[in-house]
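This report concerns only the one structure given below.
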C-alpha cells in the first residue's frame, strides 16, 4: 500500500524542528511500523539523505526504547501497544501518518524522533529500589508474599519505562511512571520498610525534573503499553500523604 | 518550601477544598429547595432561613472556611496550570491525545473558570444585595430575599445563564469528585469503583437539583 | 602456534572447589577499594549486577551501555524464567542434578567446575531477587512457585509471569541506580565501546564513542569487565534486539582475547516465523509455552485446510512421537532441529510454509481459559499484537530462530580472559552451557556471574593492582587505539558506496543461517567461507554510510557492528568446520546417529576451541582447552 508520511525532523535540541513529507509506495500490511521506517531510511540513505533517527531496540515491546507520537497518539492508534508492536495493518492504503517525537520539557529532542528520557532513570535513582546489598538477602521463602500481593506488585512492576504516559499527559506528568515503582515496592513486605523515604524522595525528584502533576484524566493508562493502572498514582499519593503526616 | 511548591500537596489542598465545596453544594441546595414550596409559605420560610444563616456564629465561621476554600481552590488551580504549561514544552502539530480521556477531565480549568465567573455574578446579585443593599421586609420582619430571587429569575436570559453555569459545574463535579478521592490517596480498586459511581450520581443530582430552581422560579412568575 | 590453556580450576573435590577458591582468594581491603576504578561494559543482568555489587563493595564503577537507559539491555526480553536449585517442590532436585542436567543439556561440552558452580550459586540468586522486590509467581500461601522447563525432569524454574528477564533486570538496574545515586557508579548511556586498551599486556581501559555527539572518549581503569551479551544478531533475523552486537568482544578478541566455540549458537524453537523480506527481527515466544502447548504439523504435505479442520489422526505430534519421555519439553536444539526437519519435508504451515503449530486447545480444555491466561496471558496478547491472531482460538505458528550464543570470549575459572584484567561475564563469555543452553539457565548465568562470581574473582586480580598507578589516558596505547578507531569510522563514511550496512548484514546473516545454522556440512561451510570473504571485500569498498562521524549517526553505529560481524562470521564457519562431530546446537550432517541425532566424538573433540586472532580473519589460530570429565561420564544424550 501507499503511505504518506509527515515526519518531524530536528537537527538538535537547539534548532527548530519541522515536518518533512515522504511517500512510500510499497508498504506491506504485515510490516511493523518500525520496519516501515526502516524502509524509509533505506530509501533516504540511497538517495544520499540523512535517515530519520529514531529510538528502538528489542522490537518486541519490552525494552521501552521505542516510542513516537503517531497521528498525535503516543505509540499510535492501538491501545496498550508499543510502537514496535504496531503493524501497518492498522493503517489504510493512502493514509497520511504524522510521526513526531514524544514532547515534554523533561524530554529534550536529541535528533529527529530521538528524545532524552534520562529523567526517568533519575527518578528511579532517587529511591526506586529496596536498599539491599548483594549477599544480605535471607532465604527466599522466609519472606512470604501472598499470591494476590505478588500479582498486584507485578502489575505495577511491568512498566517498561518508555515515557508514553508523559508524552500523552496534558500536564507532562510522570506520575504513572513514578507511582508504578512506588506502589510495586509498597505492595511487597520487603519493600515497605523504606516506603516513606522512597516515596518522598522519588516524588521530590520528579518535581525537580520539571515533570507536571497529575489531574487524573487517566489518559496515561490507555496509551501505556503495559496497561499500568492509574490506581498506582492514588497509591503513590497515599504513601506520600502518609509519609508527610507521619513526619 | 515543600508545602508551597510540591504539587501533590497542592493537589491535596485542591481535593480537600473541592470536597468541602461539594458538601456546601449539598447544604446550599437543600436550603434552596425551600424555594419550591408554595409561594407565600416559601417567602416566609426562605427569608427566615436566610436570616438564621446570616446571624448564626457557627454558620459564619463555616462561611469563612467556604471563602477560604474557594480562594485556595482557585489559586492552586492557577498555580498548577502554569506549572503544567511549563512542563509540557512545545505542542504537537497533530494532536489526538484527547482520544484517551474525557473532554471534561481535560477542561477542568475552563469549567472551573465558568463556575468562578458565575460565582462572582451570583454573589453580586444576591449575597451582596442581601448583606449590604436595602431589601423590603416580609410580614415576619425578615429581609425579603425570596422576592429578590423571584424578580431575578423573571428574565429568561438570566435563567439560561444559570443553566449554563450549573451544567459547567456538573461536568466539573463529574471529574472532580472521584479525582479528589484519588488525589488524597484512595487506591483500593473496589472503593474506587464505588466512588466513581457515587461521583456520577452526585454530579447528576446536584446539576439536576440546581437546574430546576431557576426554571421553576421563572415558570411560577 | 598453539598455546597451552590453563583454566585455573581450583583444587579439591567438585563440590568444594568454589568454597576452596573463596577461602584462598586474595582480597582488597575496604579503604583500598575506593582507589580502584573499574569499567563495566553492558548493563544487562550480568553487567548491572556486577557493577552494582562491586560498587556496593566500594569500587568506583564506570558503567557503559549503548541504549538510552541501562534498563533497556536485552536481558529485559527473557520471558520464561530462571532456574535455581531450591528443591521447593521436593521432586528430587539437588545441586548435582542441576549440574548434571546443565552439562548433559550442553552435550558434555562445558567445563565441569564452572557448570557445578553455576548450580551451586543458583539458590542465592533467588534469595537476592526476592529481597530486591522481584515479584515471582507465588502460591496462595505466599510460598514461591515453580514451573518446569525444557530438558529437565524437575520443576526448578522461578518466574514472573512471562517477563522474568524484565523483572530480574529491573532488580539489578535498581541496585545499579542506587549506587549511581550514592556516587559509586558513573553511568555512560548511549556510549559504545569501540576498542580495548592494553598497557603492558593488561586491560587498562576502553575507547568509547558518545553516540549522541559522535565524540570519541578515552576511559581508563584498573580492570575491564565485558558484559555485552550474545551475538545471535549476526544472523540478522534473530530473537535479539536490533542493537545487540559482537563489537565489544570482537574488538577485545582482536586485541588478543581468545574466542571460544563461536559457532555454537542456539536456535530457539519457539519464535514467530518470518512473514516477509522486510522483516527486521523474529519475536521469541517463551519456551514455557511448551509446558502446556502441543507442537504438531499436518501429516500430509502441502496441507491446505485450516488447523481446526485437520482431524487428530491426521496430525503429527512429532516431538511426543519421537521423544516420548520429554515430549514437547525436549531441549531446544533437538526441538528446533525436529521442526526444521518437518518444515524441510514440506509439512510446514503458514503462508510461507515455514512454521509448525503450537496448540493450546487441549490445555484450555483441561485447565480452562483463565488458568492459561494467567500463565501466559501476556504472551498470547503479544502474539495477537504481532500476528493479529487470537491464540486462544487458533494454534500459534512458530518456527526456529537464532537466539543465544553459547560461544563467546574464552574465560578461565575466574571469568578472566587470557588478557589479564579483562573479564567477560554473562552471555559474552563461553563458559557454562557447553554446546547447548538449557532454558532458564541464561538469566541464571548472567546473574550468578555478576552477583556472586565476578565480585570475588575480580578482587583476586585487583589485590595486585593496588600498587599500580591508575593508567593515564594520555598513554600512547590510548592514543593509538583512538587513532585506529577514528580511522575506521572515517573509512566507513568516506567509501560512499551503494549498499548500506543493513543490506550487508542481511546477506551475511542469510549465509550463516543457511550454512552455519541448524545444520552444517563441510561443503556448505566451505562455500559460506568463500562467500563471506567476498562480502567482506565488498564491505571495504561498497559501503554506504550517510551522515558524519562527529554526530549522532545510527547508520555509522551499524556499520561498525556489521564490520565486526563480517569477520566473526568467518570464524564461526571455521570453528564449525574444524569440529568434525555433532554436539548440541552444532549439528554436522556428516556426523549423525542412525536415527538422525547428533553424534559426538569424545575421543577427538572433547575440547573447547579457543581461537586466537592472527591479524587475518581467515587464518585464526586454534588453541584447545581439553575438557576433563572427572565426575560425570559423558553419555549419548537421549531424551527419548
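Order as written gives the chain letters A, B and C; numbering starts at 1 within each chain.
Definition applied: a contact is a pair of C-beta atoms (placed from the backbone, for glycine too) under 8 Å apart; a residue touches a chain by one contact, two chains touch by 3 or more.
Predicted model only: the values in this text are computed from it and were never measured.
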item	value
Chain-level touch network, classified as line, ring, star, complete or other	line
Chain whose averaged C-alpha position falls nearest the assembly-wide average	A
Rounded Å distance between chain A and chain B, as computed from the means of their C-alpha atoms	37
For chain B paired with chain C, centre-to-centre distance based on mean C-alpha positions, whole Å	63
Between chain C and chain A, distance of the C-alpha-averaged centres to the nearest whole Å	27
Chain A residues within the chain C interface of the complex	28, 30-32, 34-35, 38-39, 41-42, 44-46, 48-51, 53, 55-65, 78, 81, 85, 87, 89, 110-111, 114, 116-118, 120-121, 124-141, 143-147, 149-151, 153-154, 157-158, 160-161, 184-185, 188, 190-191
Complex interface listing, chain A residues touching chain B	6, 8, 19, 69, 71-74, 79, 98, 100, 103-107, 168, 170-173, 183, 203-204, 207, 210-220, 222-223, 229-242, 244
Chain A-facing residues of chain C, complex	49, 52-53, 56, 67-74, 76-77, 86, 88, 124, 126-144, 160-161, 163, 166-167, 170, 173-175, 177-178, 180-181, 187, 189, 212, 241-243, 275-276, 278-281, 283-284, 382, 385-386, 388, 451-452, 455, 498, 500, 502-503, 544, 546-547, 552, 554-555
Interface residues, chain B side, partner chain A - complex	2, 5-12, 80, 83-84, 86-97, 99-102, 105-106, 108, 175, 178-179, 181-189, 192
